[in-house]
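We just call them A, B, C, D, E and F in the order they show up, numbering each chain from 1.
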Amino acid sequence: MTVVGLYIGRFQPFHLGHLEVVKLILTKVDELIIAVGSAQYSHTRKNPFTAGERIFMIRECLRDSEISTDRVQIIPVPDVNVHGIWVAHVTAYLGTYDIVFSNDPLTSRLFKEAGAKVEGNPFFKREIYSSTEIRKRVLLDQDWRALVPRSVSKIMGAVDGVARIKMLSQSDNPTP
Amino acid sequence: MTVVGLYIGRFQPFHLGHLEVVKLILTKVDELIIAVGSAQYSHTRKNPFTAGERIFMIRECLRDSEISTDRVQIIPVPDVNVHGIWVAHVTAYLGTYDIVFSNDPLTSRLFKEAGAKVEGNPFFKREIYSSTEIRKRVLLDQDWRALVPRSVSKIMGAVDGVARIKMLSQSDNPTP
Amino acid sequence: MTVVGLYIGRFQPFHLGHLEVVKLILTKVDELIIAVGSAQYSHTRKNPFTAGERIFMIRECLRDSEISTDRVQIIPVPDVNVHGIWVAHVTAYLGTYDIVFSNDPLTSRLFKEAGAKVEGNPFFKREIYSSTEIRKRVLLDQDWRALVPRSVSKIMGAVDGVARIKMLSQSDNPTP
Amino acid sequence: MTVVGLYIGRFQPFHLGHLEVVKLILTKVDELIIAVGSAQYSHTRKNPFTAGERIFMIRECLRDSEISTDRVQIIPVPDVNVHGIWVAHVTAYLGTYDIVFSNDPLTSRLFKEAGAKVEGNPFFKREIYSSTEIRKRVLLDQDWRALVPRSVSKIMGAVDGVARIKMLSQSDNPTP
Amino acid sequence: MTVVGLYIGRFQPFHLGHLEVVKLILTKVDELIIAVGSAQYSHTRKNPFTAGERIFMIRECLRDSEISTDRVQIIPVPDVNVHGIWVAHVTAYLGTYDIVFSNDPLTSRLFKEAGAKVEGNPFFKREIYSSTEIRKRVLLDQDWRALVPRSVSKIMGAVDGVARIKMLSQSDNPTP
Amino acid sequence: MTVVGLYIGRFQPFHLGHLEVVKLILTKVDELIIAVGSAQYSHTRKNPFTAGERIFMIRECLRDSEISTDRVQIIPVPDVNVHGIWVAHVTAYLGTYDIVFSNDPLTSRLFKEAGAKVEGNPFFKREIYSSTEIRKRVLLDQDWRALVPRSVSKIMGAVDGVARIKMLSQSDNPTP
């Protein structure tokens, strides 16, 4: 029987810590669904990139890492902003899965309350391999490229991502 | 340069006509995005299956047909029910594409008004290779299996799809 | 241990058939939650009355029938129009329950798919004890009062319900 | 004191019957707000034109009719699809008004229930001066131009409106 | 004539200060509606408990306090996040009421602007009888039980509420 | 050919700096659309006034400044809170425009990414001619009247705006 893992994140952007988690999960399951959360948002401080851009980053990175898309699906999932229906909503979007991989306390608990099996991920230098840290470094013109796969660095260039992140820090528009 | 095609449908369910279109498009483009529309809906007369179930049907069918997921992505896209923002919404979810393949007059026009290149698809016995026809045959206990790939037939069995479609025809609940 | 039953309907309006079901369920459970569905809607052909008006109708009818509100809660629940999350949504609104009582095929199936215990209700002359029939009789100036509890008849009077139902049949506004 | 009238419609499209109503209301009030309802919708059978297009049609027609925009405001108002909050929603969008002019039974009743003063409009050959009739004539290639102001006819041309209405009648997409 | 009071809160969780207010209002009105606001939210820092859980807390507390549900209704009301329609929305959900009891400046003003009669509540040691204070004490392992009715303390135990509140303080998910 | 400018803001409230921008844009374009953003919100700290009140403020100010509404339209546009569809949404509401005038980095970028022509506005003592500054002065009982047109000052009086802003600073309700 095929064992399917589920890995949920916002991936703003996808970084080397995420890649390590993907590789590790693939040693434990037959197939993996990477759910790209908050899919409807983009151009905000916490969510600078569109779902399309994030999927592209991850897909190119898997290609470079020779991880077959036969084993990995990448699925965007919009936020509903109501936690009590979150698990039902995600499940309708994705189909069935056997194990959820997450370190976020809320994600873990919501899936556990709904009866799913949840496993934590080991951290890979959490204080630096973090999307928040990467966005901060982009703002401060510090070295962020060391923290992301080459594909992400290239796509950041193609969509003018550095300028976008800097611009967003100067706007006072609402930021979902 | 990679040429990316976009094929949008609800796939309720995915049938052999859809499969022929996919094969044909793959002779024209390098990569194909299959957008599974009305993704949030399920358990209605026009949308009996969840996005997860529809993705699973398509994915298994591609596997059986030896079409590599390296060339084909399957992405669920929720309806927004406001046509003036539809193309912008789809594009944010999917990323960039070069040609849209569609026979629906509204889909074609919205993408054309937004400046996209749109191509029609040849029909494969449109009067029988149609999801509406399939759902009708299911209701009438007529032969619907001849119209769908084996994977769809199998998944319909696994999720008790025949009973679901019949049950929906008897409920007087609102049907998005 | 307290056994809690759940009875979901739109109650547009509450009629004598509903009341019989309530009485019957109360012989089987300790406590009953009456969920007033489509709670946000009113002033449409299928949903002429507000949640507030429907709650008032039911509450007064229980009082007249000497059914204690110690055993019966009346809770409005808004529609989400996405069936895949319906059960999770209802459950978050209501809390826990042990048995769902419903004759609607979709409601039954959604709760069963979510693992709940579901029981059908016996019908009390279904062809006349039906909210649709009552709204039709109101339109045709036929005797609808015989089908509803006295409290409903009185509240229909207080909110000018007959005129409202007739007016709605003449408007061409969208009717959720 | 300035007396402000409110005239609500969808204006799909604005026609000569609407224009007569506007002229008549302007003999009764000092200022008029024309609320363009269902503002978010377009590209559907009942709502072919965007709010922007409808505002443009009305504005040009007022100009041609030498009706000063000093006395008439045109304000788009989106649908909320929940009738119980409709009047509060409209009022927040528009500000204060003294008399509502409407022939629609539901609009009239909702404003009356909220305490507003409502007046009906005389009909100008209602069976032909109707947006539904105009859209039907467009579909059947019958003379629709006789029913609309010249500005509307011109803008219909500029936005390829005839083709749009015909195309929409052939699509089986959901039509809000 | 029956005088109906309305008391709106989020009750996250219901505490002894709330109970005192309920008792006091019941000396002034014949019937009381307790509206449980922000009903759709749960599992966030400011809204840890579902509507169902909050209703259960209040209902059990009334039972323990021998306050009859004949005189008190508990009704969940979802947020609409648009203040201009708030009063209309609440009223559609609840039905009619004669006096609103509230200390919140915004709630009071919105109801007053809509023409309702509003009364403030006396405070019962506001600095400690506050849901915010209770959630803070839970986080700091300080004595929060002294501030809530026994029923709340029991239900907090049954739903593992202490762990839930602590977990939410560690998640960086959006918190409506 | 008519050149149409678009000026987007929340105008909470409209001040003398806004008026200067309007006058300046009118030297560059034939017609101007003033889009009143976040139109659905009111009674929050950042959005104290309804769209109706803001339109009234601007309209009266244009009248006092002898700027003809023949050249200037004022159109409320609700937020969608999803930036990827913002430009499509605004365009559907407003119709066509030739140049967008904005100093906000996000607004500018979103319109530029969608292919529109965008121009910045010169600042008129930005540190004081700012809606944020005005709301702050209202709270601190400092002189805010010097920063707004007389019409705004008058309407603030009529809607009890000073009390409203102060009240909102004391409420702990969610503030979109």
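The rule is short, and it goes like this: a residue touches a chain if its C-beta (ideal position, glycine included) is under 8 Å from a C-beta of that chain, and two chains touch if they have at least 3 such contacts.
Everything numeric here is computed off the predicted structure, so don't read it as measured data.
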Touching chain C and chain D alike are B, E
Pair exhibiting more inter-chain C-beta contacts, C-E or E-F = C-E
Averaged over CA atoms, how far is the centre of chain B from the centre of chain F? Could you give it in whole Å?
-> 43
Could you put a whole-Å number on the gap between the CA centroids of chain A and chain E?
-> 36
Which chain A residues sit where two or more other chains touch them?
-> 40, 42, 50, 82, 84, 91-92, 176
Which two-chain combinations touch?
-> A-B, A-C, A-E, A-F, B-C, B-D, B-F, C-D, C-E, D-E, D-F, E-F
Sort out for me which residues of chain C touch chain D in the complex.
-> 40-44, 50, 164, 167-168, 170-174, 176
What residues on chain E touch chain C, complex-wise?
-> 39-40, 42, 50-53, 55-56, 59, 63, 68-70, 73-76, 78, 89, 91-96
Seen from chain A, its contact residues with chain C in the complex are 80, 82, 84-85, 87-89, 91-92
In the complex formed with chain A, which residues of chain F make contact?
-> 79, 81-84, 104-107, 109-110, 176
